[in-house]
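For reference, the structure I am asking about is given below.
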Amino acid sequence: MTQIKQLKPQDEFEGFYLLKELEVRQTNATPPKDYFDIVLCDSSGQLPAKFWDVSPADKETFFPMGLVKVRGLVHLYREKPQIKIAKIRPAKAEDGVSLTDFIRSAPIDSNDLVQIIKRTMESISDEETRKIVHYCINKVEERLPSYPAAKTHHHAYYGGLAYHMVRMLELGEFLCKQRPFLNADLLKAGIILHDIAKPEEMNAEMGIVSDYSNTGKLIGHIALASGWIVEAAVRLGIPLESEKVVGLQHLVLSHHNLGEWGSPVQPQTAEAVALHFIDAMDAKLQMVEDALSTTPESEEWTPMIRGLENKAIYRLKI
Amino acid sequence: MTQIKQLKPQDEFEGFYLLKELEVRQTNATPPKDYFDIVLCDSSGQLPAKFWDVSPADKETFFPMGLVKVRGLVHLYREKPQIKIAKIRPAKAEDGVSLTDFIRSAPIDSNDLVQIIKRTMESISDEETRKIVHYCINKVEERLPSYPAAKTHHHAYYGGLAYHMVRMLELGEFLCKQRPFLNADLLKAGIILHDIAKPEEMNAEMGIVSDYSNTGKLIGHIALASGWIVEAAVRLGIPLESEKVVGLQHLVLSHHNLGEWGSPVQPQTAEAVALHFIDAMDAKLQMVEDALSTTPESEEWTPMIRGLENKAIYRLKI
Amino acid sequence: MTQIKQLKPQDEFEGFYLLKELEVRQTNATPPKDYFDIVLCDSSGQLPAKFWDVSPADKETFFPMGLVKVRGLVHLYREKPQIKIAKIRPAKAEDGVSLTDFIRSAPIDSNDLVQIIKRTMESISDEETRKIVHYCINKVEERLPSYPAAKTHHHAYYGGLAYHMVRMLELGEFLCKQRPFLNADLLKAGIILHDIAKPEEMNAEMGIVSDYSNTGKLIGHIALASGWIVEAAVRLGIPLESEKVVGLQHLVLSHHNLGEWGSPVQPQTAEAVALHFIDAMDAKLQMVEDALSTTPESEEWTPMIRGLENKAIYRLKI
Amino acid sequence: MTQIKQLKPQDEFEGFYLLKELEVRQTNATPPKDYFDIVLCDSSGQLPAKFWDVSPADKETFFPMGLVKVRGLVHLYREKPQIKIAKIRPAKAEDGVSLTDFIRSAPIDSNDLVQIIKRTMESISDEETRKIVHYCINKVEERLPSYPAAKTHHHAYYGGLAYHMVRMLELGEFLCKQRPFLNADLLKAGIILHDIAKPEEMNAEMGIVSDYSNTGKLIGHIALASGWIVEAAVRLGIPLESEKVVGLQHLVLSHHNLGEWGSPVQPQTAEAVALHFIDAMDAKLQMVEDALSTTPESEEWTPMIRGLENKAIYRLKI
Amino acid sequence: MTQIKQLKPQDEFEGFYLLKELEVRQTNATPPKDYFDIVLCDSSGQLPAKFWDVSPADKETFFPMGLVKVRGLVHLYREKPQIKIAKIRPAKAEDGVSLTDFIRSAPIDSNDLVQIIKRTMESISDEETRKIVHYCINKVEERLPSYPAAKTHHHAYYGGLAYHMVRMLELGEFLCKQRPFLNADLLKAGIILHDIAKPEEMNAEMGIVSDYSNTGKLIGHIALASGWIVEAAVRLGIPLESEKVVGLQHLVLSHHNLGEWGSPVQPQTAEAVALHFIDAMDAKLQMVEDALSTTPESEEWTPMIRGLENKAIYRLKI
Amino acid sequence: MTQIKQLKPQDEFEGFYLLKELEVRQTNATPPKDYFDIVLCDSSGQLPAKFWDVSPADKETFFPMGLVKVRGLVHLYREKPQIKIAKIRPAKAEDGVSLTDFIRSAPIDSNDLVQIIKRTMESISDEETRKIVHYCINKVEERLPSYPAAKTHHHAYYGGLAYHMVRMLELGEFLCKQRPFLNADLLKAGIILHDIAKPEEMNAEMGIVSDYSNTGKLIGHIALASGWIVEAAVRLGIPLESEKVVGLQHLVLSHHNLGEWGSPVQPQTAEAVALHFIDAMDAKLQMVEDALSTTPESEEWTPMIRGLENKAIYRLKI
């Protein structure tokens, strides 16, 4: 079965794919005819597709996030590859395909990632800090294994959020060894909490964000997480004025570094400075790694990456 | 008794004033001599002053925020008026002067201002909204009558914060009449809550801010107030996800309008847009009014006002 | 008759509408066929439309700004609703429809608005100021009742400019009561004059701006209005150096507040500061009000509003 | 007689100089003593100076802009050279010194410069354009020979404004030859008018700007000059709507190129684009030339130049 | 034969043109049909075109940069003119048309331009400077006559780079006469070297840039040219630390003036300041001249020009 | 002997210190008296000092960078501690003090640091890359052990540059393990080369930068290092067009990430993105670590740190 990433213009192919997006539209013909405007994906990538001969029954049969068997042809439309679907049917039990095989996901099993996060949480020596982190993780426990870290920016796949946390925890551990003046408890807590409210900020299914939630737009994950720390402290009986609560809120509030990037205060503790750079470095390097791994080896340049000043990455031939 | 605002170079004067700031310093002489570096103020303004002949006893006698009787001479130092103190003694009970006569304060008695704010709070028809506002006011009840709205920017005097709120409430009431689609409950609540955490953000005495608190620097009054709404909701048993709690947090979080001005989210409800402009208009017009009223009538231009793009205000002769 | 605002995909409808825009285009067919690319509107909103079967006679029959009877079908095109016109004919006298019923206009009759503006002008107590305002109003007298305040930004409808002025005058009156140090004459004059040259800057018909005039692009409404004050003063024999003329020019020149927003000088009189905020607050709140009232009640969010940092407005369910 | 530019720390000197600035101040001594805070200058440069032993008679004898004979010593104060005046007396008729010998001025006699400007004006072939230019020159006729082009930025000396115009006219003439599509009449007019209102914007004597005028602050030289074109057109009976009047206003209004630099519109005619670059190039190169010529040959670097992104200029040894 | 620039909607025409771009695409039909997506050009301008009835043989016959005879019809597509090709065949030897007649090129023969540049190079009196310039010119000798100065920004045609240099040399010569303190050798060298690496930065054929080279993206023409000066110095045995080498590198490195425009250092020699303004003025005025000459006389406004703050240029009717 | 860092106002002390800066100045007295304006330092920090009774012999005795024995008193001057020197004499051989004991230096011996750098260089597997790195290190071999990484920004002490490199190499090694797609050779080379030209950009002695060199100002360390790679390649016979040379230049040229921070191109290879973040993270965390370690334990806040958006760092009490 051909992977989406390998499809090139003029290819004819047949295989199972996921209907990531599907909308019924009408042509300009008289009378207008229905067609499907589709995004087909598998774990290697995604492509736009059209299915022109839609019957009334089809409209009751196909829905977003469904698995399908497709026969199609790739052609160029406005300089980008697009699939023209010749035949399509829903996957059946006997096809033996499973949704999770078709979505992009972190390179490590997300249950393992969550275990690592929890183990790190348990290793926080200060009890109150640990309890606050625990309280906040609990609020998103169900969504943590599946959520991406962003809509498109970086780690935008199943388990992306947990993967981002784990990689940051590794980097944080290295830094605490290299620079022992950093408080490891605080840095661990900051890394786990900094994006903990992302699942509240975005609506996602199977690691795919459909949109931002109302709360996400009106409050944002930064102020949301800061509020959860307040909630935890109130419920756990820890005074809001304690340096611990203030310090944890500060880590979360300042991690975007600048006001224009969404942080109402700038990093003013050693750990907050470290957190910002750990977050930025992990996000940017992951963008680079993902762009390189989803770009065909034959291409010298990746597509432009919005999070890197809209620059493309070049594959040096060294 | 001559008011500070009326003192001009070459004036000799005698009267009671407040030692707003006082530091002991040493001259470059050999051996170095102690002198006082002072800021003298009354309700009309303030001037720097020096007292050169400090005895050891003087150092035990004079402290910041104390009332004193001073005889002095005004001269120009680096193009600005400065007082050379010839004689100074602490005010005594029999002098019949009272601290509150010497500090700058809002033009309306601050207890009256607080009454207006509380009455407005009572007029909020939605019970949960009213209770949240009540909870937050309670947290600063003692400090509300005296606190300024800012260190130097605007309303920087005794009762300034309450005065700012009351003026904004008047403007808000006008707008709700002019544009009935605005929700008056929300706007009232937003006006009262938007700067409610300022007393936690800044350390002040008698309406004079000495500096920002640690919490103020690390969290800021915007995220602090948003956290208080969370705290109130948790204590009052109102779900954090309710549109009321989200809507109130949004008002507070967005009232500075832009990220670079400290708001992690931008106004996205009608009342949040209104709140931002009510706040900005009241602050800027008060800066203008205060600058004009503290500048001698003989001057065509006020000093430059930082909050107004560093422009001075001209007194048109019309 | 169904209002434009109420039309949803799949709706079939028939009624009278205004051809706000109409262009003849050709399809890609061989030989190419003519079709009409249309914007249909009524007072509730507008939608793009296509009429595919254009005869040579049709091309002589239909023109922009004409009233027509249309039968059509709404469908989605690139995720936005579009009308496919099945039948179209010009409105006839006996249809009893009138152009003014089909354009969007200010909620108050624009002749009444102009009367209010003139009455306010008459209430200016200083004679020279009043005469200058009178002179400038005269220059746009014919266009004042119909002109919008902007092309799309805010108050973009019949009478929008006069409506903007009247609302600002109300707000100005409130402020002069709240802060008596403001000069009411100047503020009234500033509000009436600040956008008085908009009808010279933009070409519009029935409240709909087609484009900016050459003069509008090369000089702009701010410098134009400032020039009109000069012209008025020269004709009325008032010295250009008088504080009145300088003060009025300053109000107009500075009302956009910053250089990057088009003001060559920044507000430096109390009334100029007030004028800027009155203008900004009225424009922004009107954008919010208009966006909410033209968005179907069923929608939680309005479309994004360019003038509000490209944010959409949320309808809190409180 | 030693020129100011040649004075170095430890130099003792005697000669005639101009009291560019003089203020009476008081020392911190008890009782305070009067002293003079002075800026001494000649045509080569200026230095701060102090005269410590001021008698009451001295205060009636010395004033700004007076010529004096001084004996003094140069020393370093806060890393900058300063003069300590040992002896000072007013210049007398028999000293045979004249004020104009002591001020910095353009390298060409300013009457000659004005003649060149007037001759260029006469060479404008379009009569109405010529008359408008003539009208505007008339308004500043008396001040044109002496005025500088700016307070400190560039051409800040006697005749600087006329010199700036003449150099720009030369460059404009070259460009019209190199690119014949440029309209020479317009470019000449634009160059003469672009800064014509500077004498109204700034108060200056003998080429030295003391401050900005009220009108200068409230309207600015750009809108002032645009208003003068309107005034000229009204008086000369040329319609304000004519392309000539609009085109000339556009040249003046757009010559600072960007809103943040004070232009309410951006250059939108060929001549307006040319004018902006001619102005910028002449101003910047003059800053460089003046900085190099007033910096001692022994120095590799000039002081930092504000108008050149605060960079200093290096004297390459080639 | 009708020039591209003169073609208007509804025009039918026949003539020879250059296939500047050509791509094979597929329609949405079932089965999809091939068509050509084309950009047709001649020396007067260019237009998009479609050829719908592509045979397999056609795909082997037509290629980019080939000359063709075309019969077509102009129509409007998305408000822009587009050509529908009815008939197309390759040009034959007997047609007597030559590629160079169909490309846009500088108004002066590019061999003459190169001669002028070389003659100027020979006139540099300092031997080492002259040799470095010579070395760098040698590196691009073959490409210098044909290369444009930019992809689309300015001088984007055959010989554009050399034409830009020559015009700048004229302006530089004028400036050295007007301001003799400028070092003519340095200015000549700076003008010739500043864009000398453009042919390495961009891939172009016949004056038409297809894209940036890898080296162009990774190093840029500024650092490339600076490196060439280093290379020249090493090969010629001139010390890298000499003021000559440093001064020439500085001219090249600083000519974009600001970091955000690509210069790692800002101009800090007189000639570097001059070079920046000569470059900017020539580029901007050429944009204006080219926009006016390629816009039909009947149009008042040119299209918007990206390099001029996205403003269009107005043709004043004077 | 009391360390500079421990001195508090009113302390009297005696000990050996380094005269980091010394200038002879004159008082305002008549006649003026000489005094020394001094910066005294040891390895813990530095303080300004004055010595008022300077004899002619003293002026021949004391010079910057000399060791002295001082008896003094600390007092507050403009709210900052300053030393009043009572007695001062040069250190003698028999005092047994050595210059290196008095300068601030990296926490690891700088010879060891250089060894680590060289060993890393040897571990680069690609021969040409290794040779280029070797060539560039050779150019600064003598200065590498002592040079700081910046004037004041970060690592501003003896061995600071080498220390910065070594810490970055550790972080780079970690990242190459965490993300094996990174090319370790390139990253090592990029880390060693990115600031290699700093010793050419700045003049320094004993780790203390006095100023920027002319070459440093005119070319900057980024373009300098890029030029050294060119020089190395020319000398070693490696083609300038090879991906190796281009890739190394790209690493150096892009490491400041943005044009406004001095990089003429932005990172466009994986290693260039990594290099930028490794550099930024190490510099910022070192600023934090240094600020905390040089701030007395008793202080909650460090001074403001320019490189951290001018924020101070808070010492959380956790």
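Note that the chains take the letters A, B, C, D, E and F in the order they are written out, and that residue 1 is the start of every chain.
Just so it is clear, a residue touches a chain if its C-beta (ideal position, glycine included) is under 8 Å from a C-beta of that chain, and two chains touch if they have at least 3 such contacts.
Predicted model only: the values in this text are computed from it and were never measured.
Visitor: Would you mind naming the chains that touch chain A and likewise touch chain F?
Guide: B, E
Visitor: Among B-C, A-F or E-F, which pair gives essentially the same interface as C-D, with more than half of the residue-number contact pairs in common?
Guide: Match found for C-D within B-C, A-F or E-F: E-F.
Visitor: Rounded to a whole Å, what is the gap between the Cα centroids of chain A and chain E?
Guide: Distance between chain centres: 43 Å.
Visitor: Can you work out the whole-Å distance between the CA centroids of chain D and chain E?
Guide: 41
Visitor: Using mean CA coordinates as chain centres, what's the gap between chain B and chain E in Å?
Guide: A distance of 60 Å separates the two centres.
Visitor: Give me the residue numbers in chain D that touch at least two other chains, ranges are fine.
Guide: Residues 214, 217-218, 247, 258, 268-269, 314 of chain D touch two or more partner chains.
Visitor: Per the touch rule above, enumerate the chain pairs that touch, sorted by label.
Guide: A-B, A-C, A-E, A-F, B-C, B-D, B-F, C-D, C-E, D-E, D-F, E-F
Visitor: Write out the stretch or stretches of chain C touching chain A in their complex.
Guide: 50, 52-53, 73, 75-77, 79, 84, 300, 314
Visitor: Show which residues of chain E lie in contact with chain F when the two form their complex.
Guide: For this pair, the touching residues of chain E are 214-215, 217-220, 222-223, 226-227, 230-231, 234-235, 240-241, 246-247, 249-250, 253, 258-265, 268-269.
Visitor: Given the complex with chain A, which residues does chain F contribute to the contact?
Guide: 126, 167, 170-171, 174-175, 178-179, 181, 183, 185-186, 243-244, 247, 257-258, 266-271, 273-274, 277-278, 280-281, 284-285, 288-289, 292-293, 308-309, 311-318
Visitor: Could you please specify the touching residues of chain A with respect to chain C in the complex?
Guide: 23, 25-26, 28, 30, 32, 214, 217-218
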